[in-house]
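Both complexes below contain subunit A, partnered by subunit B and then by subunit C.
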Partner chain A sequence: MGWITYSVRRLLISVFVLFVASILIFSIVRLIPGDPARVFLGPTADQEAVDTLRVQLDLHLPIYEQYLNWIAGVLTGNWGNSLINDIPVFDLVLIRFPRSIQLAIFSLIIGVIISLPLGLLAALQPNSGRDYAALFFSQFGMSVPSFWLGIILMLVFGRYLGVLPASGYVSPMEDPVAAVSHMIMPAFALGTINAAVLTRFLRSEILEQRGKEYVLTARAFGHYKGTILRKYVLKNALIPYMTNLGIQFGWVLGGVVIIEVVFSYPGLGRLVLDGLLNRDYPVIQMGLLVLISTYVLVNLVVDLTYSVLNPKIRY
Partner chain B sequence: MLSPNWTMLKELAAHRLGQIGLAIVAIYGILAVLGPVVFTVDPSAVAGGERYLGPSLQYPFGTDGYGRDIFALTILGARVSLYVAVVVVGISTTLGIIFGLISAYFSDLVDEAIMRAVDVLLAFPGILLALVIIAILGPGLNRAVLALAIAYTPIMTRIVRGNALAIREEEYVLAAKSYGESHWRILFREMLPNLTSVVIVQMTITFAFSILSEASLSYLGLSAQPPQVTWGVLISEGQSVIGIAPWVSVFPGLTIMFTVLGLTLLGVALRDVLDPQGEVNMTQDI
Partner chain C sequence: MSKKSILEVRDLHTQFETDSGVVKAVDGVSFSLQQGEIYGLVGESGAGKSVTGRSIMRLIDPPGNITDGTVRFNDENLLTLPMAEVRDIRGNEIAMIFQNAMAALNPGYTIGTQISDVLQRHKDFNDKQARERTIQLLSDVGIPDPEARFDSYPHQLSGGMCQRVVIAMALSCDPDIIIADEPTTALDVTIQAQILELLSDLRDNYGITVLLITHNMGVVASTCDRVGVMYAGEVVEEGPVQDIVAKPRHPYTMGLMQAVPRLNDARERLESIPGDMPNLLKTPNGCSFHPRCPYDAEDCRNVDPSLDPLSPDDRSTERRTACLRTDEIDFDREMAEMATEADGKEGSPKPKIPNRGRTDSDPLIEASNLQKYFDPESQSWLDRLIGEREYVHAVDDVSLDIYEGETLGLVGESGCGKTTLGRVLSHLYEPDAGTVVYAGTDLTELDRRKLKSMRGNIQMIFQDPVSSLNPRKSVYEIISRPLEIHQNIADEVARRERVEELLDSVGLKPEHASRKPHAFSGGQKQRIGIARALAVEPDFIVADEPVSALDVSIQAKIINLLMDLQEEFNLTYVFIAHDLNVVQHIADRIAVMYLGEIIECGDADDIFTPPHHPYTEMLLSSIPPLDPSAETDRIVPRGTPPSPIDPPSGCRFHTRCPRAMEECKSVVPADHQFGEDHTITCHLFDDDRDHAEINALIAEQEAYGVPKDQLVDSD
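Moving on to the complex of A and B:
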């Protein structure tokens, strides 16, 4: 399969996945047992209010028309209003989405800062003390609940040591230093699992590359071990590492919901959760759709990049 | 790929990480099953006068704002987590085996349909698929369990399918086909036994991460509701009093961490013993 065929197929799969995901998300309101308008307004609300909300949510139309209206609205930026405070959902998401992306990227940076040296150290001397130390960290990092780690960080660095603000958000436009200091703890709590996964991944990739025949050949040609490591082994190991980083980005997007709650960080994840707790369906739907679309898009870019970097891979 | 046997059990007992994992899992299992019988606590009872006591011999984990023994509550939470994990693993493994085997065996249209469905479900990163399902069903322990079971099914499906594809062309399967054995027999009598190893390893990992995920959901208020006690609920309650009584959050969190650690170590050891060429996929904290 040529690169273009592969790319087109990969793109079509992403479009298909998004299409079905949009039906699933659209169905959230329609699958709720009973009348969603009644569920939202409560059993004591008068019928008139329920009927008004039914019209507002398009519930009086046939189901396919509801979907077509809804998806047309999604594509044109007409995302409806929050049922709680009547603010356009588009505006809410527009403010909060960049904050979540900012947090997600920051978490990944922390994941890289930890995993790159740790994975390298571990792989240079497998089965040594520092290899075990790295694996030990990795295993713990995967086991610790991120929200609990966040609370512990808040307790230690926010309350006991008082070196970092315990919660909240500051825009980097207003005060870059305060913005970063507000993000360190949430990003660390979120990025630990990435660091753990990436450390283990980088270690096994380097070890795999070191066992390949080209390393032996290069040695036979009289190249220094260090040169081989820098020029060939690391280069080859870093490609799959970057790919995995892309996958990790997706997982971080799922994780922001929890971490934003822990740190009262006003991002998209918290918006979705508040929506869930208040049955604010337009907010839940668009919040989830935006997060999922981002994930699908990132995965697409990662896969296409990977297929360019590694021409052997064709699916 | 090999089927489990006694030799492997012995190997597992000799595996260093396996020993640590087994020890932690054994303690967890015993406390979860027998603990609530020995350390009785009524989660809705309010014991006055002993609020926010720090850890002591009498109360190893301290007490909370209602004067309740955190240690006893944590053990109660262990039982809930055991229930969650067993149901999630049970449902997702059963469905994953059925869909995965059918997908690999019948290929073409059926395979395409199942795998595209898996693609769609896996397009929801991390905990988001569970959130979609909870958005429909509403919060609650059993609803969260159902949501997690659905969320873990595509992962098991993909693993079973991948491994089943590899053995589909094996001689014993072809031989069974030429005997005219029924599809059902070939799938579940010939192929499934040879997938036991990968399935067991994946079950262990799902067990661990379903505990972690349920804790996240109940922390967010989307799973069990107070006064029902889960680890996530305890941590959430403790967060509001973290300044005066940090132990309310600290100990249940440590308990989650060690339980998950024990299970993942066991998973790694099982993989080493049962499926030496395989890789444990650890990115399933959903």
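Moving on to the complex of A and C:
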């Protein structure tokens, strides 16, 4: 079986996962006790307004028709309008989503920039001073909640030192420097956990690879230390590191919701949260679906990359 | 007879500093390699053979340390050379190959790239030259279609193929010496024979000197020119291989030789060396072997014997031994006693050994048409859903009778389904089809409760004593657990008594009961596993490779124990093993398996003397003979077993069979009764083929010999 067959199969699995997810998301709204339209409009609204909203939300149709209509809308870009301000959800997500992705990627880059050298330094001399320093950082980073770290960063750099803006968002198209300075604190607050997890992971992967028999064989055949590190240790250690990076991306997507609130960052996370507070069902549904789709897509890409890097995975 | 010495190891000491003290893994080893010979370094695990090999290459990592000695190669001491120069020698002038070839290759690169990398590291080759040379090397070591194989990844090749690739890598820079550390231990006998053949060819064709490190006396005897026997970090005896094997001059070497089960030996107790290899943290004073030596004297406990040449009047000056009493002990008589026993069997028509089990009664176990298929690992749930289902044909239509009190040996290459069959017989696996009737009860039809009560009668002993014992439980808890489950001995005192009784019957002491498994040696752990199996007083025990993880001297003791227990408790065994010598020694009847089918079954004597089925013959000739002078007309086995997912049509063995005929490719052979209780599944024994014809056929095959190109694996 070649790579193409494997990819097609892997893709089918992703589609299946998305289908199940869509049913769950769809059910959330329908499972709220009582009539969603009544819940949104409040007990004082008159029956006519409720009925209008029910039609607008398709609630008068049988449940399977509601789902089919919704899915058809999702696929054609007709995502409904926000109940609060009547703006198309599609337009809202289109503005907010890239901002969140931007933040997530930035956090991940910070995670990689910290973990790659730190994990390598730690693993090259296990049980040395620098190894312990790296492990301490790793332990610290995993224990600190990101919102707390975010608040502390905000206080120190935003309020007391005043070197970074404490909240808000600037598009990199308008002012790249301001954009980065707005993003750096939330990204750091998020990326610290990733850096911590990835550092420890890379360290143990490298140590494991160094103990492998093929590394011993490479030494017995006189390869240079640099060659062994590059072609034998790192090549094989970075494959699982890549996979882990994909998993981390999923975590970052989850963390984005909280950190966006802390830093008043107008991304998809805040959109979903505001939607939840306002019972703005079309926004909740689509926001969640977009987040989950991103997660599934990232995992698909990771798995496909993994199968290129590691010839063994292909079947 | 003084050949040029190419590598000289003098007084080598390598130590490991551990929390509990200094382990002297290599403690003053000296030997030299002569140009173009295969020198065997043999000994049991922990003797320091591998550490010696690695010390020569300076591949000792902390906490290990080479503390003393010289390794002289090309007038230079490798142990004091700068590391950069050692790296230039590694792989270039001295190459090393390891036990597990699959793990020795980088999974992330193709085998071609890996060999080319070595070439380009040491030689001034461009990419194209390196590729050409690599393909040449792959073809030299007998890899079919080397051009295509260049781009294969290690996991796409079989274990035997990977070992060939590593050997090609070792050859790449025309080294003077190859150090081979247990190169065949992880391989089947049939593949082992092919690799040993290859190593001998390299010596003959390229004049390469080989240092062969192994624990297998048969490998040494059939391959090496000279041998050094190691014990507890020292070389205790050295000399030409035929002398070491036939005329040992050290009690340890003699003990080793006597402990090895041989084909055609009497089915009686094996000689074994008492005790275990000493703990290298604290080697005994004087001769390190004295606590286990039957000739132990006062001097031996105080004076550490040096490795000295035998007295000058002995015919060979190449012989050296480290025994104080070597002149006093009559080694030859001891060995001669063994030899006459064996000769008596081979020369005169062998007295038929009565089968212990076979009575006229009904069989204890009647298995009919058993089938067990597995899903291949590579198959995802999606494949199964879509319907492209494939199966591993682990056990395919196997019928078998086992009689009370007998031992049935089950042999075959790895992957032939012998372990699965053992587990189906003991009902650890439910068969997909067929029935297992145990003492008149059909196990496959029992409900769970009745099955549970039956389980007490059937027990298993596993291959790996380490992983089959729970490391967190004490020996008492391990052995008493089945007592709780099956026998309901609620009384704590009675249970403790029973455990002590069991420990005693497997040769352990009552005080061992409170210890955890890690405090025991490999042989002792296997004894615990046996005691656990015996706890519920079973009638039937399936022993799955119970001795293959053990050293020779320990193996002999466990085999003896199993045979004693059988007599004492009237047990019925199914003994699964890949080592034909061992099976032949313990079994009354033998069933030979190939790709999920039993292809031959009969009394042990009928199966091997002489072999009938071509596969049995191939297995048998794969065993390295213990007598180096024996020029046997060995059939060099061909190829590797095909995949059990898609077994060959007709006779499953036809792809590797040296006697394959046209009809074997398409027609499934029937079972033929051949003499009393001897079944053979082979077209050679079809009724319409008279025996004269068969004999003529066999003679013709033998005269023709096996063509050289059939040495090659065909997977």
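The rule we apply is simple: the second predicted complex is superposed on the first by the 304 of 315 C-alpha atoms of A that agree within 3 Å, B and C clash if a C-alpha of one lies under 4 Å from a C-alpha of the other, contacts with A are read in each partner's own complex, and residues count from 1 in each chain.
Simple rule for what comes next: contacts are C-beta pairs under 8 Å (C-beta built on N, C-alpha and C of every residue); 3 or more make two chains touch, one makes a residue touch a chain.
All values reported here derive from a predicted model rather than from experimental measurement.
Of the two partner chains, subunit B (first) and subunit C (second), which one does A:Ile101 touch, if any: first, second, both, or neither?
neither
In the overlay, answer first, second, both or neither for which of subunit B and subunit C A:Lys235 touches.
Only subunit C is touched by A:Lys235; subunit B is not.
First (subunit B), second (subunit C), both or neither: which does A:Ile25 touch?
In the superposition, A:Ile25 touches subunit B alone.
Does the superposition put A:Ile13 against subunit B (first), subunit C (second), both, or neither?
A:Ile13 sits against subunit B and subunit C alike.
Looking only at contacts as defined up top, I'd like to know whether subunit B or subunit C touches more of subunit A.
For subunit A, the partner with the higher number of touched residues is B.
With the two complexes superposed on chain A, say which partner A:Ile151 touches: subunit B (first), subunit C (second), both, or neither.
first
Given the touch rule stated above, what does A:Leu116 touch, subunit B (first), subunit C (second), both, or neither?
Touch status of A:Leu116: no partner.
Considering only the touch criterion stated at the top, classify A:Val272 as touching first (subunit B), second (subunit C), both, or neither.
After superposition on chain A, A:Val272 lies in contact with subunit B alone.
Where on subunit A do the contacts from subunit B and from subunit C line up?
13
Which of the residues in subunit A end up touching subunit C in this complex?
Touching subunit C: residues 9, 12-13, 212-214, 216-224, 227, 231-232, 235-236, 239, 309-312, 315 of subunit A.
Residue numbers of subunit C touching subunit A in their complex, please.
Residue positions touching the partner: 57, 59, 87-92, 95-96, 98, 100, 103-109, 117-118, 121-122, 153, 155, 166, 169-170, 378, 380, 382.
For the complex, which residues does subunit B have touching subunit A?
Per the stated touch rule, the residues are 116, 119-120, 123-128, 131-132, 134-136, 139, 208, 212, 215-216, 219-222, 235, 238-239, 242-243, 246, 249-250, 253, 256-258, 260-261, 264-265, 268, 279, 282-283, 285-286.
Can you name the residues of subunit A that touch subunit B in the complex?
For subunit A paired with subunit B, touching residues are 13, 16-18, 20-21, 24-25, 27-28, 31-32, 139-140, 142-149, 151-152, 154-155, 159, 193, 196-197, 200, 204, 247-248, 250-251, 253-255, 257-258, 261-262, 272-273, 276-277, 281, 284, 288, 291-292, 295-296, 299.
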